[in-house]
């Protein structure tokens, strides 16, 4: 490797930003040259995030001071579109939030409840679902929209099947997420340990912002219903989808195997995977089962929401953008138990 | 109350049997006169189940020694049908397992992998889904089949809607269960704390025995896919079902409210309920949401699998069988947090 | 029972207040006639606490409107002393907080960081550690200080041994508590599910307010170090204490058995009890082991912090105050698993 | 790095063996050339341990076929001493179990309940508590005894203080461990998810084998009482120890800082650390507090039992044995949340 990519992490003390710092610490071709936090500015990372062994001093966000090869934006929705014109002058940008995921400004306004203030970037930003995105586009991209955690899990399973025409009818996505998806600053009663542990519930049933993101990538509508798992990490997407008469489980597995041949992170397995199998790693595990009685295929896809669903996929995007092997610095295996 | 029902619990040290003992300890109209356990015979209940404050001595199962008003069979599938002819001479029987749930012996043989040895009881046994079963039948029943935990949650939501004709097309049931559903003797690696905690997975996707039980009660096929929640108790059924054009959430709620008017345990709520809301109690919480884009209704139903899904419903059945108010001795509220 | 005690619960939507409501719902000799909440005033209990099946409308706290036999004060430290003169005119008072636990106003000021504003009540208030308090005092008490959760667990083990002179030297209490001890309104990052689950840590090592409470009851100093268990409920006190030469485990067990003979809730067991064995019930389990090499006894005491450590013990106090059998309406057994 | 160390992992599918495989996968100077498992022989690692992305085929243990630079023995107590003479001809040995930790064969026989069959190795085996062991000894060692998880946590805190004479009197160690310490094959009711979650309990109070291991290293007796945390990973040692008059917290911290100056994995912190802060990493966090009232110091030490307490420390030992920087291939930071 000819030298190190200089990375700045904007929002370094939330769960996804801190996960980026953790993973980048082991990346042989990248070095974190800056990390920002408004509240924790002036303190070293290891004080705000005691599990990280970094003495880097957190700084307030100031585009004028950023000089990097790549900038990870680990901020809330709305931040990236506000600062994107300044940021692209400082380095190539990977946005962890949703501002550049939807290609249509009106759809964005409708689902995110505010006008899009940087619509001129919507065409050029590349949706970075690495395995299913053209690598040439990523290599050329100035702005990459890192996909949402739910969409990553869902699309890895569904998109290859839609592309080959195996899907007939509306996919019903019954999705489940670990609690870290809510973030580290969600200090509400609903997210207290005492309230979450031992229970399981649905949320956002009427409307969840990942619905249009998935539908856009598939080019067709879906029904998406998320739930909260009493666990820290993990997305488990269970997708119920009508397939054509005679379509078999093996056919689905074959499409997946072909699509992901040679890719290090997506694995078709012959057991029903637990979210825990991919905990801490950048892998996605897929399995299907076609029910002959009903003509429905059940597709299961699991990822770690903070890794493949956020920081890991961002690094994978970075690797491809800068022409490194896509697995550089990323764990394939998970942390168990 | 004119004196106490004498209850014998066969299989008193498993999770459902012990839960029956816990609940019956607070029942003002019943007294446990015997409890059996093969392995723990000779020891007091409080030694095998230290959380129970009972000095009752566990005995080996012997129908010749049972004299009771009602016998709770908390055993594996296959036990009840083997002993039913002897047991009905000892008292009225409530079977917690599946032997008398399916009305057809061939269906039983197909799904449970063995011939039914007491098919003569299949017609007379009453399926004890209390809120949706004719009370007169229960009052007359010699044998009551206590419904499965998943079917209880699913049918409380679906059956009233099917009865009034609101359901159009195949219900897809994406169900989730706490680990206690696997029982206390399931000492396999897969159920170790270390393997379960922090993860979420599907199981029995190809085939689960609660499918025909639900289908029989509804009179139509369903697709049923269960998952394991990293929590001890609780069933969360998320049911995706096509409804007719123009059907609203409020209509569904109205059907439920009418069906369960005056019943203490089923509650239509205006938040997405957690399994934890009903933990330790005999209640079921229901909520629906119709998605106008897709014409799909999402129905959510939560119960405690060991209470409303097993021991609590058995006691509720007993209350009705013996003409007590159905809530006698049963907690409506849950244990939180 | 000759009619029902009228109970008002002040602070009905926190964990201890709600637990009082849950337990009182099954009490045959008491009826909750009022419950207060500032934030939730005007709403029924079942909206704020969906697990409770109560339609009681929450009211703002107003002593002028309270007319009860007994008032449960489930509020923060400082509340009771402020309102006590008004409240004793409305009914007998059981305070769940610390205002009347320490007999000395200066000690209170020192440990709680504010002057005591009702020191005239410190002599008359009775410390309601039911098993070890004179019942006559409780029957006469106008104000009962419900003991802290940690002190309850510790004193049930230690006090009988101190009284008979078995303890030689400083007791070192290594205590562990479930997270519900922090309360329902502790919406800080530290108490989020994601931060707590999977970890274990000490807190308050330098200074914890239960230290003087325990020392006062024992009449001697102790070293007290608390920890946070990644579980909802439970106190586990491990007490390391020097005993005289020749003192045996059996001697300690005998002292306990004698002290608690005929008492329903304290049980000496022959296994190392889990906090889970007493979850949801009002019991305390005790076990000891004397290590001959070091002359140290290890005493283990477990309770449910919300029941025996709060709401359950309050009801037990109420029962004794009003001359009911002490176990009336209280579960001896626990909820398992 | 001049080429890779060839490592064989004996017992590759248990928790510590699999953790060694996970960590070695990211080690730039080592390559796993073999892994053994009796039950899983013939299958690839990724089938037995789906979270590991390794296609290595598991083999039955056969010393005749092992040719390695270093052999990790991840087996039960008793295995190493039986095979050590054969194994040292195949490569240098790091034993994860207890066979070479105690220097005295009689003490071993007393605590492990069987005679030591390879006592001739007891003198030469080096106790590999890396930070506190002479590196020259490790570089020369043919056999290294990897310390127990509890002793690692305890000794990192206690040993430096004993060496400088700060400890006066008996250390009382109140230790807590995550459940993975029990291993992956401990398929007993006590370790089921349903039994463990939500509870906390002591075990081995009368006698635990880590007592003599700690005492030997300290050269003085200790009282050691372990508990089970309802979490997967982590050791939390709370050590109550009398210190001389006038000894301050800062003095203790200074001794630690001096002892561990320049060492990457041991960190003195100014907050009460959670076991979760070091989850998945090889770090140990230490903090102390001297209580002036009682003259007792409370020492807290946390590690991940599977990393610093097992596989991580083994790799750290390997690094030193082969003259690599001790942190090579090891994560300093933890996985959070």
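Quick notes on this structure:
For reference, chains read A, B, C and D in written order, and residue numbers begin at 1 within each chain.
One rule holds for everything that comes next: a residue touches a chain if its C-beta (ideal position, glycine included) is under 8 Å from a C-beta of that chain, and two chains touch if they have at least 3 such contacts.
Computed from a predicted structure; not experimentally measured.
Farthest chain from subunit D (centres taken as the mean of C-alpha atoms): B. More inter-chain C-beta contacts link the pair C-D than the other of B-C and C-D.
The geometric centre of subunit B is 46 Å away from that of subunit D, both derived from CA atoms. Chain centres here are Cα averages; for subunit C and subunit D they lie 39 Å apart.
Taking each chain's centre as the average of its CA atoms, subunit B and subunit C sit 35 Å apart.
Among the residues of subunit D, those touching two or more other chains are numbered 15, 180, 184, 194-195, 197-198, 230-233, 273, 276-277, 279, 337.
Those residues of subunit B whose C-beta lies close enough to touch subunit D in the complex are 15, 179-180, 182, 184-189, 191-198, 230-232. If you check the complex, the residues on subunit A that touch subunit D are 15, 18, 22, 25-26, 49-54, 180, 184, 197-198, 232-233, 264, 267, 269, 271, 273, 276-281, 283, 285, 331-337. On the subunit B side of its complex with subunit A, the touching residues are 170, 172, 174, 176, 178, 194-195, 197-203, 205-206, 221, 223, 225, 227, 229-234, 236, 238, 240, 272-277, 279, 289, 291, 293-294, 296, 298, 300, 302, 337.
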